[in-house]
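Both complexes shown next keep chain A, but they swap its partner, so chain B is in the first and chain C is in the second.
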Partner chain A sequence: MQQLFPRSIQSLDSIFELVDQFRIQYDLDQKTAYEIELAIEEVFTNLVKYNDGTSQISLQIEIINTRLTIVLQDFDVDDFDITRPPPVDPQARLEERRVGGLGLFLVHKVMDQVEYQYQNRVSTITMIKKIGEDLCSK
Partner chain B sequence: MFQVSLDQEGNIFLTGRFDASQQQSAMETFNRVIKSAIVDCSKLEYISSAGIGVLIATEKRLSAGGHHLQLKNLNAHITEIFRYAGLEAIFSIT
Partner chain C sequence: MDIILQKMEEFLIVELKGKVNTLTSPILEKRLLELITDHQHNLLIDFSQSDYISSAGLRVLLIALKQLKTVHGRVVLCGQNKCVKEVFDITGFSQLFKIFPTRAEAVKELTQVS
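Coming up: the complex of A and B.
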């Protein structure tokens, strides 16, 4: 599944609709669907906030064998690796808590692999998650 | 869809999906909370770091005056996300 989304936080509703279609198609459980939505939201909103592009953002989701792959591509932008957030200490006390970086910290928790590539002014974030073997046949 | 509402005692009810597109309007409602309050999450389906940020900011503001948020009825998926983020040490969760 691949679709382009306007560079706006308001695109999240449409993104979640696409993920829901994907969940139904592959009969994914709610936990996996939550983690996919969370990972996509956190990366998408960071692309919207921190990249300087004007193009729509591409989202692709696929499952091959036991690998779920999510690819977000942002076109005609400067080289900025949003997958390396400032360190987050989950043990920090309330007064030391900063909100910045928490989203991408969670992305690394729910995904098995998060990669950033930059080529020809295209920023590509690829997230991979291993899923149950019962989905292999779909 | 996301809704945040307050009852007459100042307790907070979250319904639906608390994502980044809801952060600003939710913050306006949370800013009306001025004392310890229960946050009923029984109808909360999803929360991202944007929603968590609203909860943390509110807890920081309230705790300065000795007040706190108490989170109730989180679903299993949200509980797991809170655990990843170490939020059980910050909030009273029941």
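Coming up: the complex of A and C.
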């Protein structure tokens, strides 16, 4: 499924509804559904925060065999790779922790592959995850 | 997300109902900081009615923890489901917070040590 969303944090409500429809359609387990929602929330929020375009943001989710693919596209924006997270040390003590910066770290942890492409002023973030069984056979 | 407060003799229970995400975490941040300002320095945050947290929620919890440390307060968490717990484990937040499976165990911790 693919849909365009206004460049606003408030779009997350509609995005979560879409993810929920997707979860039901593919009978996804709780963990997979959580990870999809988390990855999309973190990337979408970063696109809204750090890109200054005015176009809507495209979200596409699909499962082919055991491969889940999530694609977010941001149009008419500058080249800025939001998929490279600042380093995070999970062992760091409280005093060493800075507030924030965990979103993209989490995305890399819950997805198998996170790619950034920039062409013709379009920023494309593709996230891939192998899921347990061939859900399309259900 | 709804936040339900329950005042106990030695601490305050903050029960979260719903997702703690980019949309809802500002509400939680405001509420927790108000409580800390209001001298509620021993908090039990119960996740049993909340099945989702993103980095926005973690950020708020870290702010609260840092604030509470400066006033020698404490925050204890409980009731996380497997997915929420995994997010805490991945980010190392499980090491920063005292986390208990049930509210009863968290209450025991707060009443025994305080």
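Here is the rule we go by: the second predicted complex is superposed on the first by the 133 of 138 C-alpha atoms of A that agree within 3 Å, B and C clash if a C-alpha of one lies under 4 Å from a C-alpha of the other, contacts with A are read in each partner's own complex, and residues count from 1 in each chain.
Quick note on the criterion: a contact is a pair of C-beta atoms (placed from the backbone, for glycine too) under 8 Å apart; a residue touches a chain by one contact, two chains touch by 3 or more.
What you see is a predicted model, and the numbers here were worked out from it, not measured in a lab.
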{"item": "Touching partner for A:I24 - first (chain B), second (chain C), both, neither", "value": "neither"}
{"item": "Partner chain(s) touched by A:G103 [first = chain B, second = chain C, both, neither]", "value": "both"}
{"item": "Which superposed partner A:M1 touches (first chain B, second chain C, both, neither)", "value": "neither"}
{"item": "Partner chain in contact with A:Q91 - chain B first, chain C second, else both or neither", "value": "both"}
{"item": "On chain A, the residue positions that both chain B and chain C contact, one per complex", "value": "9-10, 12-13, 16, 30-31, 34, 37-38, 41-42, 45, 88-94, 97, 99, 102-103, 105-106, 109-110"}
{"item": "Chain A-touching residues of chain B, taken from the complex the two chains share", "value": "17, 19-21, 46, 48-50, 52-53, 56-57, 59-60, 63, 76-77, 80-81, 84-86, 89-90"}
{"item": "Residue ranges of chain A touching chain C (in the complex, touch as defined)", "value": "9-10, 12-13, 16, 30-31, 34, 37-38, 41-42, 45, 88-94, 97, 99-100, 102-103, 105-106, 109-110"}
{"item": "Touching residues (chain side chain C, partner chain A) in the complex", "value": "19, 21-23, 51-52, 54-56, 58-59, 62-63, 65-66, 69, 81-83, 86-87, 90-92, 95-96"}
{"item": "Touch list for chain A against partner chain B, complex", "value": "9-10, 12-13, 16, 30-31, 34, 37-38, 41-42, 45, 88-95, 97, 99, 102-103, 105-106, 109-110"}
